[in-house]
Amino acid sequence: MALVKMTVNGQAVEYDVPDNTLLVSFIRETLELTGTHVGCDTSQCGACVVHVDGQSVKACTMLAAQAAGSEITTIEGIANGDELHPMQKAFHENHGLQCGYCTPGMVMSAIELVEKNKGLTEQQIREGLEGNICRCTGYHNIVKSVQAAAQEMGG
Amino acid sequence: MPEGTMNQGIGASVRRKEDKKFITGKGRYTDDINRNGQLYAYFIRSDVAHANIKNINVNAAAKCEGVVAVYTGEDIAADGIGGPICGWTPTNRDGSAPKEPPHPLLAVGKVRYVGDHIAVVIAESLEAAQAASEKIVIDLDNLPAVVDPATAIGNTQIHDEMDDNVYFDWELGDETATADALGGADKVIELTVTNNRVIPNAIEPRAAVAEYDEIEDRYTLYTSSQNPHLTRLVMAAFMMQIPESKLHVVAPDVGGGFGSKIYIYPEEAVCTWAAKKLRKPVKWTADRTQAFLGDAHGRDHVNKVKLGLDKNNKIVGLRVDTIANLGAYLSAFSMVTPTYLHGTLLSGCYDIPAIYTNVKGVCTTTVNVDAYRGAGRPEATYLLERTMDYAARQIGMDPAEFRRINFIPKDAFPYQTAVALQYDIGDYEPALDKAMEMIDYANFGSRQAEAAKRGKYRGIGLSSYIEACGIAPSAVVGTLGARVGLYESAVVRVDPTGTISVFTGAHSHGQGHDTTFAQIVADKLGVPIDSIDIVHGDTDRIPFGMGTYGSRSLAVGGTAISKAVDKVIEKGKIIAAHMMEAAETDLEFKDGKFTVAGTDKEKSFGEIALSAYVPHNFPHDRLEPGLEETAFYDPLNFTYPAGTHICEVEIDPATGVVDIVDWAACDDFGNLINPMIVEGQVHGGIAQGVGQALLENAHYNEDGQLLTASYMDYCMPRADNLPSLKIDYTVTACTHNDLGVKGCGEAGAIASPPAVINAIVDALSVVGVTDMSMPATTEKIWRAINDATAKAAE
Amino acid sequence: MYATTYAKAKDVADAVSQLKGADEGKLLAGGQTLIPTLKQRLASSDCLIDLSDAGLSGISDEGGSIRIGAMTRHVEVETSEMVKKAIPALAALASGIGDRQVRNCGTIGGSVANNDPSACYPSALLALGATVHTDRRDIAAGDYFTGMFETALDEDEVITAVSFPKPEAASYVKFPNPASRYAMVGVFVAKTSSGVAVAVTGAGQDGVFRHGGLEAALNSSFSAESIDSVAVDDSVLMSDMHASADYRAHLITQMTKRAVAAC
Amino acid sequence: MELKQSQDIPIPVAQVWSALNDEQILAQAIPGCQELTKISDTELTATVKLKVGPVSATFVGEVTLSELNPPHSYVISGSGKGGVAGGATGSARVDLEAIDNGNATRLTYDVDASVTGKIAQLGSRLIESTAKKLATKFFTDFIAILSPESEQS
């Protein structure tokens, strides 16, 4: 068993879990934060993307123990109270989601993309989202959402 | 419209009500649901495509730590539990019934595809179940795999009930008239068109949580389903043989379906059965590889097409001979997809006097093939639009012009096709014109020349499609072999304070019903959209529903809601007449107010709602308290969305890479309730069609092993595979539903594959390429260029 | 995933001693290949030794070469001003590995130790004549890659860094597998004082390799046209459902031309 | 996957043939062979541990010698189950031809291999290269065991 202490969405958490516990299982099952999803087994779909110390990471490809001591942000932690994050707002305004399953990972991925890159072109946004698969939207409105959020976020 | 309802009614791009939970991570999908004391199921699947089961030894597995039970097909059979059934069966050419071999939940005697369920381990944790599953010893006697549909007939027998591997042999149209038409044609264009096999890949893998309440003797099943009522009906009546009322099915938030979540699969049935046997909740969630192996695949047709033209290049006849691969077992819509949803669409947008089609549905040792976004209509559109393009090239005519001269003229509606359907309304030229304008078709030549200077081949491809949507009329589908009716239900409940709950049998898994349906109600009742809740996905709360597929939710389910709202208004008028002491015939309802004609008397909708529940002086002999109405809507006909999509590509001959540089779509969906949502549906459909045309393919090797069983090898379209898309509309309102709507969910997936392939063939025509199969991979394109160049050099 | 234990190594010596003490110890160097494999139960380990705190990260300019610590993540190489200035092709290569999430976790040491036949980094090591530093020795890249997924590393040997001599010019061009986005063909062309090197990844049946014929042609004339007459033998190339060997051979020529043009 | 190759061995056919039927030599040559037990002249049971990159699997199964035409040819086939990884089968038709006036042997092998389960589902890109590599390794090692000179080099 590994004692995993970390900060998740600003809250300190501490649990004893088996060493082989994946970060995504820790988030979904131990912490019951089910907004982070699992859509594949090979680290490609990106439904599980969270931020670990400000970097986007596929939570299905990291052990909880590896993330011990880190600051984790999940989809549940990006709004400021009732005030949605600009990326969340942009997805809503631009119809950047349909079934909603890929959305948390897509939003988390897009936030890091915009935070780390200024003046993104449409093509750069498309390439920057290659780690996230959406089956519903055809990406058109996701790209529009990211463009709109980038404006808002000063990107 | 009163304040608060502005820009929320029909035709407004209202932002979706359902978004908030999804963008904040508060969606509730099946795998998010956990019940106290739940057990976990892990299914052991066949590693081989076809084998006799000699022995299954579960003893070691049963003794593993944490294991509660291990079951095989014999345990299921001992309890008399049946397997999934086929919901719609065509009749064979010779009048006989098709073959429907049984599909045991867990294999009995034989396995028939890689992924076939052999046994299930149920344990206290998933880890324990999985670990124990590795201790099961399965002794199989391998048989030859049958993978290629073209050679499946008469090959190694897969089911005892079917000696030739043919489920059905069906026909539609007039064979003699078609033969005569082709015989007398000026030219006959022949083409073999293959529609490749694809895998739906909803991003949420299927999942089920089943529990049994001993006191109530009642099951509850949470499942990622597109149609919880059908799941309840089939599971209760055909599989579990329990009263339907004893099974409560909930389809909570569902992460995409695209057809694959229509069917009832073995896993949810086994979990439900085991929940009673073990008196504990049982949970199962697929991983992605299980989804690849076990979810119903789509398409997989091989068509031989003959198209006859007269000397003016007008089509005189069409014959299509199709082999449809249905896989190892049948599921709900396996047989209707390649027949009634395919053969009936072979007239497309064109005036074709004689059509005949023969379809053979064959069995192979692959997972079952069933409806996938578009279901039959993409296959029909693909073969027709490929053939139209091929023919235009053969006769040296502009493909747009060739389509135009063969379109059904707008004054010919209602138009009776040669393949059973009667199109109520349509006008195809304006959509073609608009799409051509959007993509600047006229100046394509200069763009092509400019690309050539850069060493690129540029091509443009059209696809003018039609689809039959709003899959419904019970009377029609009943005569065509459907075993269910295809109406939809709605209950509109007005609360005393005027808030409204709408209970609909349609299920939303991305389509935005919470918003679109609320807009219909808001528009009709003149109430704020926020006062309306849409409830779906729960058999205990909804009267009955046929679910969401076939672009039917709005045309059928939306119309049912509209009709229930009409009944609410009618009752409201009676109440208002009573309150205002006026004749019911003098009552009018507009903008949320009941008024008495010719007077200034009025009552708001809210006042009427309250009054309905405070009926102090109602004449109870003719006016019941309460304000709640139910409607079941069964339409008169399908709806017929149509339109033209145009794709422009640029190909790098050095590598074979195809870049989609532009896309214009002009669709006629009738009236639009929420254009933003409609546009999103079109985007998504196009992406799936582009995926099929360029990237996606279910690849079974000759041993029947599925080699594309993860995203490492199955190529899903990503953001950088797609361009920005131009979408516009023409409108001819549907003539037979109140809303004038036709449905938009599948159009993109139907229209897009031929547009892509036609554009590629156009681009490669400079080197003499005339055909290209899907997916048009970079290697295929490179090879086609090489082969054509070599041929030209000879 | 089978049960395992997880421990962070505090330094390289600790990692080696933990490895020696385990039956099936595995080094966790980012885990972007290892964890998916463990999840599928296609591998098991009684002891996962995480190198992230073993002091192996960082990029330094050693004058004639750039030294990259084994645990340096792809994103750090991609964004390093030092790498961008000295060997821009290497930064560009790193920017194309996997996706952003993979680049935020995956490390150069992990990639080089795994030697996946479709990985990008091995081609850079081979073409640039890099040196693999381990806890016990230095291995020239030419001696290091011994076959598909095989390296000269001993069982319990730990890579500590990789040094890349600065080339006169270099370029990497990758033709990705459309599904996995690994290299279906990746060509690294480097021009150094000792001549031109062309290393190919993603295509060889036995992993990354240098192509003598292409190198000879480019040594006589460093231009895209000069390789027109070079035949790429496809009998040693991989063939799978995504690309047959002859298509891969063709892509090697095309990617080499592009790399040369970009040098 | 199919692979056909030949190699010359500087010893007579009879000796090569006898080695091809010697389970101790086969055990040394089969890549990853942990255990090879003779059940009869033509049937053996085997445990083979294979590692391809991060993936490792232990296959338990049989090795069968068939179509025996001593001392000219036979088919050696193996099939095993590798637990969760799936299964693997491989066979090689081996032909021996006397060359160099009977002082040496030309060994020709024609290999066919297939896999099932997760290896096929997840590792298709590696199947062919791995099968070729293993087949080549088997025959290279087999020949090396028989040829003292090459063993030293």
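Letters are used for the chains, namely A, B, C and D, taken in the order the chains are written, and counting of residues starts over at 1 for each.
Just so we're on the same page, a contact is a pair of C-beta atoms (placed from the backbone, for glycine too) under 8 Å apart; a residue touches a chain by one contact, two chains touch by 3 or more.
Quantities reported herein were computed from a predicted structural model and do not represent experimental measurements.
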{"item": "Higher-contact pair (C-beta pairs counted), A-C versus A-B", "value": "A-B"}
{"item": "Whole-Å gap separating subunit A and subunit B, where each centre is the average of the chain's CA atoms", "value": "29"}
{"item": "Centroid spacing, where centroids are CA-atom means, of subunit A and subunit D in whole angstrom", "value": "49"}
{"item": "Euclidean distance of C-alpha centroids - subunit B vs subunit C, Å", "value": "44"}
{"item": "Where subunit A touches two or more other chains, by residue", "value": "41-42, 44, 130, 132"}
{"item": "Multi-chain contact sites of subunit B, meaning residues that touch two or more partners", "value": "134, 289, 707-708, 710-713, 716"}
{"item": "Interface hub residues of subunit C, defined as touching at least two other chains", "value": "1-2, 40-41, 180, 241-242"}
{"item": "Those chain pairs that satisfy the touch definition", "value": "A-B, A-C, B-C, B-D, C-D"}
{"item": "Residues of subunit B defined as touching subunit A within the complex", "value": "15-16, 18-29, 31-32, 201-205, 253-256, 258, 287-289, 509-512, 676-677, 679-680, 683-688, 710-712, 716-720, 722, 724-725, 748"}
{"item": "Subunit D residues within the subunit B interface of the complex", "value": "83-84, 86-87, 114-118, 120-122, 124-125"}
{"item": "Contacting residues of subunit D [partner subunit C, same complex]", "value": "52-57, 84-85, 118, 122, 124-130, 132-133"}
{"item": "Residues of subunit C that touch subunit D when the two form their complex", "value": "33-34, 37, 40-44, 114-118, 147-149, 177, 180, 205-206, 238-242"}
{"item": "Residue ranges of subunit A in contact with subunit C within the complex", "value": "2, 18-20, 22, 41-44, 46, 49, 55-58, 60-63, 65-66, 109, 112-113, 128, 130-132"}
